[in-house]
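Input: structures, listed below.
Presented sequentially are two complexes of chain A, the first with chain B as partner and the second with chain C.
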Partner chain A sequence: MPMKGRYPIRRTLEYLQKGDIIFKKKVKIMTVNYNTHGELGEGARKFVFFNIPQIQYKNPWVQIMMFKNMTPSPFLKFYLDDGEQVLVDVEGKDCKQISQHVKKILGKSDEVLHAEAQAKMQASHPANFGPKKYCLRECICEVAGQVPCPGTKPLPKEMTGKYRAKMAQSQD
Partner chain B sequence: MSGRKIMVHATWAIGKVIGTKMQKTAKVRVTRLVLDPNLLKYYNKRKTYFVHDALEQCTVGDIVLIKALSVTRSKHVKHELSEIVYKVGRVVDPLTGKSVAGTEFVEPLSDLVLEENISLSDKLKELNISAASSAADSPSVQTPTS
Partner chain C sequence: MFQVIGGRSVQAARLLAPRSAVLVEAVRGRKSRSDPVAKSKEGRIKVPVSVDPVEMVVLKERYSEYKLIMRALRMEFKEGVLRKKYEEEMGSQAELRARQEEEEHRALMDWNNQENLRILKARIIRIQQEEEEAERKKTEAAIQREQEQQEFIRQKEEEILKLQEEAKNFVTLENLDQRIEEALDNPKNYNFAIDKEGKVVKRTVLQ
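This part shows the complex of A and B:
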């Protein structure tokens, strides 16, 4: 049974996570004014249909509001934290062009995203074991392919401490 | 107990005015897109805020930009009106600066050359004349603009 609706791929987690516009911290509100009819506004309509869910998924704290048929030509308006407003004319543009333009002016660049990802990775170093709050894993028994935890499955006799002690004693 | 420092989630928000019956206060509805966890589709979730509006300049239906106050004014009012973005009935197109009604401009743009309106009686006269003559004469003068 296929998914319901037109272009239901928009409603998959994989599609939402593929969004590449992550706004800078100072962008608070995004407003899209577009029209339901008209050739020139086709790009804006496609942008709203395909890209807005991706943007909202990656920027959950940005308020996005859509307005239909308020002005003859479509545009985007961004409201930044310091009171500044950015107006982007969108008439005649393709939805890909719009999203690339928005990413260029108000999105975090790839280097910044890389740096942030690195910083996050440093916090979770895979070679460290310890409490869940600070490290990824608590004990090496959690790793697949290593000796399982004796709490869940008893160790083979040769590995237990008392057998080894007995062997060591019987040898002396 | 006014003068409390507040921690509001959003310092800025945009919403629609839904009520102005209070003195110097507007009721503003802010909609945010929230993801439904099962459908994975975004729906508008509304929240009303009481917004301080010193000059009582809002009417119902305006789209306004509100800003969080640093100190809360009263038990419910935590925001103030920053600016009216689109005034209802008097929307101004930000790209051209002209007033706009829906998808049409209120006054026609001056750089468009529109042909003068031919009155109905003149059109009828033209039809009468060419009815007797051959049908090759097209009475209609109207050419589509743009």
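This part shows the complex of A and C:
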């Protein structure tokens, strides 16, 4: 069964995760006004078609609204949490240029993203054992190549505590 | 089936309640509410293990010390976390960072405004050009229409002149007799053949 829609690749996880625009914390709402016809608005249409899914995937808490054929020229408007509104005119621009422009003015820069990733990595030590919520593993029996959990498969006799105690006792 | 009340309440209960009292609460196991007690357990009263006073004192001492240390450690760690959070949000670094970010933001907004202005100028120029184009096309169309009208009039006049010329050769009531006489005097022979150049090649003989 083939995939649904015109460019179904837009619905794949791989494509969505490739999106590189992550907005700063103060961006709350994004509005796109574009037109369905016209040579100059082609870039805006492509931006809406291809890049908006990626942006929404990476910024699930930003409200994104699309308006069609309301104004003669296409533009983007961002509403920040201190009440500021940022207008971006996109007439005549290519969709790549638009996404680069947006990333430059309101996206988190690469260094910031890197620093955040580092901080997150530092917070969780992969060598810790504990509840699944905080650590990767709960017990060494979960690791491949280690002794399997005695709860599922009984240990060989020589490894059990009572056998060892018996041996120790019989030797004394 | 019967679960002993665990936790902090155990020791307090042990001190307050009498020794042989039952300190258990019922927990549903295999049997349902209406099932009777088993025959072997009919008269059974479960009595928990009696407390050893010496052991109790020692345990109390140790537990209180242990709990004190644990509580202290926990508080220390909590305080560390809270302090870090406070530093993060309201420390001296935070203000610097906030100011830096604001400056960067303002710079980026300025750059954005520049871009917008640039596109605005380009758009104005484009619209002007389009208007001029439309004007030019309109005038051209008007001229074209004028020319066509002139052409039409000219053609009609030519036709009129041609008709006037031909009118001279018409047969009217006055020439009728004369023309009949002429036609009878000059019989015309339409039976001829022409070659590819248009020259007459053969004619039949008129009877």
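We adopt the following convention: the second predicted complex is superposed on the first by the 162 of 172 C-alpha atoms of A that agree within 3 Å, B and C clash if a C-alpha of one lies under 4 Å from a C-alpha of the other, contacts with A are read in each partner's own complex, and residues count from 1 in each chain.
In the analysis below, a residue touches a chain if its C-beta (ideal position, glycine included) is under 8 Å from a C-beta of that chain, and two chains touch if they have at least 3 such contacts.
These numbers come from a predicted model, not from an experiment.
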item: Chain B versus chain C as contact partner of A:Gln63, first or second or both or neither; value: first
item: Partner chain(s) touched by A:Asn35 [first = chain B, second = chain C, both, neither]; value: first
item: First (chain B), second (chain C), both or neither touched by A:Gly130; value: neither
item: Winner by number of chain A residues touched, once chain B and chain C are compared; value: B
item: Contacts of A:Arg11 with chain B and chain C, given as first, second, both or neither; value: first
item: Partner chain in contact with A:Leu87 - chain B first, chain C second, else both or neither; value: both
item: Chain B versus chain C as contact partner of A:Pro148, first or second or both or neither; value: neither
item: Partner chain in contact with A:Lys104 - chain B first, chain C second, else both or neither; value: second
item: Where chain A meets both chain C and chain B, residue numbers; value: 73, 87, 89
item: Residue numbers on chain C that touch chain A, as the complex places them; value: 108-109, 111-112, 115-116, 119-120, 122-123
item: Complex contacts: residues of chain A adjacent to chain B; value: 10-13, 16, 28-29, 31, 35, 37-38, 52-53, 56-57, 61, 63-65, 67, 69-73, 75, 77, 79, 81, 83, 87, 89
item: Complex contacts: residues of chain A adjacent to chain C; value: 73, 86-89, 91-93, 101, 104-106
item: Residue ranges of chain B in contact with chain A within the complex; value: 10-14, 30-33, 35, 39-42, 63, 65, 82, 85-86, 91, 93-95, 100, 102-105
